[in-house]
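Pasting the structures in now, so scroll down.
Note that chain A is present in both complexes that follow, paired respectively with chain B and with chain C.
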Partner chain A sequence: MNLKFKNKKISGILTILPAHEVSFEQEMGNYNFPPAKSLKLKLAMGYNKHRIVEGNVCASDLCVFGLEYLFNKCFLKKDEIDALILITQSPDYFMPPTSNVIQGRLGLNQDVFCLDINQGCAGFEIGLIESFFLLEQESVNKVVLLNADVMSRKVSKRDRNSFPLIGDGASVTIVEKTDRDLAIYANLKMDGTQSDALIIPAGGFRLPSSPETAVMREDENGNFRSKDNLVMKGDAIFNFVQTEVPPMIARLVEFAGVRMEAIDYFIFHQPNKFMLHKLADKMKVNHEKMPSNIVESFGNASGVTVPTAITFNLGSRLLEKDYKICFAGFGVGLTWSSILMNVGPLGFCEMIDYK
Partner chain B sequence: MDQFYGKVAEILEVNEVRDGDVLKDFEAWDSLTILSIIAMADSDYKVTLSAKDLDNIKTVGDLKTYFENHEK
Partner chain C sequence: MENKILNILGEIRPEFDFRISSNFIDDGMLDSFDIITLVTELDKAFCISIDGVDIVPENFYNLETIERLLVKSGAQK
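After this line comes the complex of A and B, so read on.
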């Protein structure tokens, strides 16, 4: 699906990452592999350290922390918020929606449109698209887009396929109307036939959690996980990304009538360095234009990796300048989505630690 | 196809490989090697190779034949 928007902008981005940091070496003993093999994987995939929550910190905790920071710094006023969109796959509860919980914790007014969206890797793009849809309404002028996940709590510590790269975090992105007429182009696709490529099999209604689903089992690669844990088919996802993402970007730039060279940055979802380098090479994009450094420093916090890639790599530069940025997210669903838009100058663009 | 043997040897962390060498017998054969071969299939031969496909390929020679038959 192709979408076009105008007179909308991102006016600020804040990313909130847990202060608690663990290195790959500290966790290596949990895996069933000789240290030499693990270190080889670390080098190739770009694993290093990741930020993960301790105890039962929830998505709403990270979001409330971030929003209170913005209120205290006068970057955002409570009564200016028209909509609160939360993109998460690790909600506080099955019900009520976590965006309602956040609205209640912050004492926002009852007219705020609260919405939880279950999306992950393409969560930032889907969240922006939803924000743009809402801003088409006359009464919606400022949308607070939250991306938040605490997925480390669902990944087995003995799963070397997934645990080294997982991260936790949240982001707050303010999306609002603008008089600037610059067009925003977006596209998205879904393929539910491969919905098992990235899945937590138990805990929902299809297979409720039980003592049986909690049993840790070894897979054919030597990783241990239970049905309550996340499981990822690495090769299927790699092939999906290599096959689908380059044509998606090609369609987007054609739709926008823009040349690839005119794009300043490709801020893509950060599954791991290996995959992003292969993708950049296939698309013939310079590695400098496609940052791939988030997993090695912070881990992959699902939809939060794209805003983190912005605050970490572009930071204060976005306070002064505007850049033509191509966002893309791809993964769970399967879902893949991209957006081409100008970003900046922003009112704020920073990273803070959740303690 | 000329650089095939050199690239495979590099991924398998050996000096050279021959058609008869059994892939799973290499010391370096692990999930990362599998992913590297999948990446090589895609970038050099435009072949989509899954881990399951690779599981059914026995030797270096079989891999070469697979690429030749599926190359775009």
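After this line comes the complex of A and C, so read on.
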């Protein structure tokens, strides 16, 4: 599906990452593989260190921390917020919606439209598209888009497929109306026939958690996990990304009537460095235009990787001027989505630690 | 080309003799993570970038399929 929006903009981005940092070497002993082999993989995949929450820190804790920071810095006022969209796969509860919990904890106006969306690696793009839809309403002028996940709590520490790359974090993106008449182009596709490629099998109503679902079992590759843990068919996901993402970007630039060379940055979801380099090579994009340093620096926090890549790599430069940026996210669902838009100058674009 | 490939394979899994197998995957000599390391090393050694859609097990069954993949990816024999 192709989508086009006008008179909308991002006006600020904040990333909130747990201060707790763990290195690949510290955890290598948890995996059922020879250290030499794990170290070779570390180089190829870009594993290095990741930020993960401690104890029972939840998605709402990271979001509230970030929003209070913005209120205290006067980057955002409570009474300006018309909608609060939270994209997460790790809600505080099945019910109520975590966005309502956040609204309550912050004492926001009852007119604020709170909405939870269950999405993962394409969560930043899906959240932006939802924000643009809401901003079509006369009564909605400012949307607070929250991306937050604490998936480390659902990944087995003995799963070398997933644990080294997982990260936790949150981001706050302010999306609002603007008089500037620049078009925003977007597209998205979904394929539910492959919904088991990235899944937490137990814990929902289909298979409630029980002592049986908590039993750790070894898979054919020597990883240990239970049905309560996230499981990823790595080969299928890799193949899906390499097959679907380059044509998606080709369709987007054709729809927008823009040449690839005219795009300043390709800020893509970051599952691992290897996958991104392969995408960049296929699309003939210079690696410097497609940053791939988030997994090695912070871990992959699903929909938070794109805003983290923006704040970490572009940061204060986006306070000065605007750049034409192509965003792309791909993963659970399966879902893949991309957006081409001008971003900047922003009111704020920074990262803070959650302590 | 074959010797270069054998050297790289030997670095990744020194415990195996890759000359005597016709299917590295079925014989348990390469797993999916080995393939990622192998692709990274082959890209460097032959100054190419193997297309992501070609990173599938059947292209890494044996020396012949790897050689064919390298030629397809632009490596000089």
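The rule is simple: the second predicted complex is superposed on the first by the 355 of 355 C-alpha atoms of A that agree within 3 Å, B and C clash if a C-alpha of one lies under 4 Å from a C-alpha of the other, contacts with A are read in each partner's own complex, and residues count from 1 in each chain.
The rule is short, and it goes like this: a contact is a pair of C-beta atoms (placed from the backbone, for glycine too) under 8 Å apart; a residue touches a chain by one contact, two chains touch by 3 or more.
As the structure is a prediction and not an experimental result, all values here were calculated from the model.
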| item | value |
| --- | --- |
| Contacts of A:Asn221 with chain B and chain C, given as first, second, both or neither | both |
| Touching partner for A:Ala122 - first (chain B), second (chain C), both, neither | neither |
| First, second, both or neither for A:Leu76, with chain B first and chain C second | neither |
| Chain B versus chain C as contact partner of A:Ile325, first or second or both or neither | neither |
| Touching partner for A:Ala236 - first (chain B), second (chain C), both, neither | first |
| Touched partner set for A:Leu276, first chain B, second chain C, both or neither | neither |
| Chain B versus chain C as contact partner of A:Ala44, first or second or both or neither | both |
| Touching both chain B and chain C, residues of chain A | 37, 40-41, 44-45, 221, 234-235, 238-239, 242-243, 274, 278, 281-282 |
| Contact set on chain B toward chain A in their complex | 30-32, 34-36, 38-39, 42-43, 48-51 |
| Chain C partner contacts - residues on chain A that touch it in the complex | 37, 40-41, 43-45, 160, 221, 234-235, 238-239, 241-243, 274-275, 277-279, 281-282 |
| Chain B partner contacts - residues on chain A that touch it in the complex | 37, 40-41, 44-45, 161, 221, 233-236, 238-239, 242-243, 274, 278, 281-282 |
| Parts of chain C lying in touch with chain A, wherever the complex brings them together | 12, 31-33, 36-37, 39-40, 49-53, 55-57 |
